[in-house]
């Protein structure tokens, strides 16, 4: 129970960082933290007490396996996180080239 | 053969970078051919359907095992919306892209956008819906910044941040549902939820879904990104965004999850109605004060989405029919209005209503089609907007929701006032300085605008036959709600 | 004039490690169905090995070996190959059907289309991420231009 | 699983450091630390596939992030945490946990998941797909369509980055 609470605390920190911080890179970091928290939450759901990894072996076949389904989903979600981060960094770099700052308030001031 | 809706745009998206290396214009022809094929198949899919739902097992696995694709009344309606507006936007951008560089990147991203939208509509698996929703979002983030100007980049960054927050919230909601049910097929989830309901967890994931999809569809408390992102995008892209994207990944996904998986409870209905009314009122107030043509259209999108959500929230058969019809009509006249604003910007170069004027005689086609669109968005009788707003107002009064009905009427008055202002300033009033230099837009932009105007009038005139063929089966899917599982899994 | 890339020691070591990283990436991708890892992890490792070269030797040296146009072509080819394998399944009746023979479990060529899919993903992910890095690395940051001008 | 709790607490501390620290480069490195913690957590939770992918993707996103933040000095960043922000932060986090704690109660006990689909995949994975690594079996055979969408996402993001970073966007 407490492990889920800790995971959601990490998620809440990510949201907080996204809302409050004015710097573009800090927003990218906040989003990264949120992605990490959700990925961890899925795998926590699939964990089985002293289970082992869902890889079959020649010798001792099917043991007490962890749930493989969330692992398959989170492999996709990790790469989604990478794709979104790459796009965000590209746009942030481009904004930096135009406004010469990463700070939202200055950008709004310069935009007029 | 359901997967063709995803194979065609995906294959074309992978081919365009190669094709454009061979010959420059090839990418454009390939993309338009793929969109035409998609439109043909989505029109054909209306007649494929005999009451039930067509289920396609991917990889040969039966539903709970693998992923399945489901085509039912609601999916047919959304396919029609997506591929119709998509094809016309592509035809429009044949000439519109003279203003932009490297158009093969544009056509690749556009085909990926179509692939994502079609993937969302026909997917029968919750996580698969999230993956294709993510493809649509990333493609639309990149397309909003297609002009790489300063304010486009800033608007797109805000849209990207809020869109990614929405996606993460949706993924967390899927996590909670998965934790409780540990299966991902939509029909299977609804089936297991019926036997082991966890009231509090369902309400919490419902709240997360509404926040996530509400952000994607720009309902009022979450609409901060829309008024910046839509005007910044190139005109065909803001037409796709307003007309199709916020409806498919927002309204359609929310409605599919709430009606067919979690079940449409009284709580959900009151939330929908509340959000709908707030969106209508706030959107209308913001629309009136605008002087930038595209920002005015973006704010009016918030109002119209408020109409749709309010109508579907009523839950009565008439309300749902009215909501879905308004969803279809809105995609028609809103994309037409964005095309008009794009043409005005294309030939005059500015979107500010103060500077525009007297374009009626120098741009006949654009002004005529924008007159048709403005009249239909404000619900004037012969046009399509009138019937959907009328049905929604009647449904509101039938469900004795007086406040809602009155709000609908007042808001449609305000919309009428706003769009008459647009007509007067942009097209009818005379100012000498501008009128002479302006010439009409090229042929491909005229064609798509004319087709949309004809459709607006057509749906307006033959509305009851249109309702019975397309809207009624879609409303039936929502009304049946949880026995969606019977159709997909084939058991009770 | 300062030569592009890092110091001599780094270059000498990169010459050795780059091929090892590349080999490791291919190994992880090909044995995706037997050991942990798979197309995605292998593809990212291969992209990292190219990035390793770019960081150590500077942009223009690395681009002689694989330039941006080749990267985007390989990426599209990888995508088409993956779509092709999926369409292969249509012959057997369903879109993503595993048509090829399953083979004996636990040996290398044992699970039909999974290996071919892994190879397709390897190409796509590797080339795609390298194209992303090249686009970012080539994008002149304003202060880098200032340094060039001084 | 006491070590899992320790790692999670360290990740939370790393996240707070990544958020509050002034210089961009060190906040990116703190994000790297949180990612490394996540890799360890995946290993502890018996998910080797994910640990490899997460570690490698982590390295790549760090390289990209550092590429963006190199040489960017943060001008007048007021370091001292204002009283208002701290209180608002704590309230926000506590409120979020308070709302979600009842929903967590409905989830199955940590360590005993209801593996409705998972057990079927384990039982028939090798027989139906011939792959020893069940996660690969699910990714590429049972749910191969997801991975097609996945590969498209990377393709879209690559084309998106190239579109955003091209020199002149508009010819007026």
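Lettered A, B, C and D in written order, each chain numbered from 1.
What we mean here is this: contacts are C-beta pairs under 8 Å (C-beta built on N, C-alpha and C of every residue); 3 or more make two chains touch, one makes a residue touch a chain.
All values derive from a computational prediction rather than experimental measurement.
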Checklist outcome for this item: Between B-C and A-B, more contacting C-beta pairs sit at A-B
Checklist entry - Just how far, in Å, is the C-alpha centre of chain C from the one of chain B? => result 36
Checklist entry - Measuring from the mean C-alpha position of chain A to the mean C-alpha position of chain B, what distance in angstrom results? => result 28
Checklist entry - When the C-alpha atoms of chain A and chain D are each averaged to a single point, how far apart are the two points in Å? => result 3
Checklist entry - Once you find the CA centre of chain B and the CA centre of chain D, what distance in Å lies between them? => result 30
Checklist outcome for this item: Note: chain C residues in touch with at least two other chains are 35-36, 38, 40, 72, 75, 79, 83, 95-96, 98, 105-106, 125, 129, 132, 135-136, 139, 141
Item to check | Shared-contact residues (touching 2 or more other chains) in chain A | outcome: 11, 14-15, 45, 53, 55-56, 67, 69, 73, 75-76, 79-80, 82-84, 86-87, 89-94, 96
Item to check | chain D, residues touching no fewer than two other chains | outcome: 48-49, 53, 57, 60, 64, 67-68, 100, 105, 107-108, 113, 115, 117-118, 126, 132-133, 135, 137, 139, 141, 143-150, 152-158, 160-162, 164-165
Next on the checklist: Using the definition of touching given at the top, classify the network of chains in this structure as line, ring, star, complete or other.
Outcome noted: complete
Item to check | chain B-facing residues of chain D, complex | outcome: 99-100, 102-103, 105-108, 113-118, 120, 141-146, 148-150, 152-153, 155-157, 159-164, 166, 168-172
Next on the checklist: Which stretch or stretches of chain C touch chain B in the complex?
Outcome noted: 69, 72-73, 75-77, 79-80, 83, 87, 89, 92-98
Next on the checklist: Show me the residue ranges of chain D that touch chain C in the complex, using the header's touch definition.
Outcome noted: 48-49, 51-53, 56-57, 59-60, 63-64, 67-68, 70-71, 126, 129-133, 135-137, 139-141, 144-145, 147-148, 150-152, 154-155, 157-158, 161-162, 165
Next on the checklist: Under the definition above, what is the set of chain C residues touching chain D in their complex?
Outcome noted: 28, 32-41, 44-45, 47-48, 51, 55, 72, 75, 78-79, 82-83, 86, 95-96, 98, 102-103, 105-106, 110-114, 117-118, 120-121, 124-125, 128-129, 131-133, 135-139, 141, 143-144
Checklist entry - Which positions of chain B touch chain D when the two form their complex? => result 10, 13-14, 17, 58-59, 61, 64-67, 98-102, 105-106, 108-109, 112, 115-116, 119, 125, 127-128, 131-132, 134-135, 138-139, 141-143, 145-149, 153, 176, 179-184, 192, 198, 200-201, 203-205
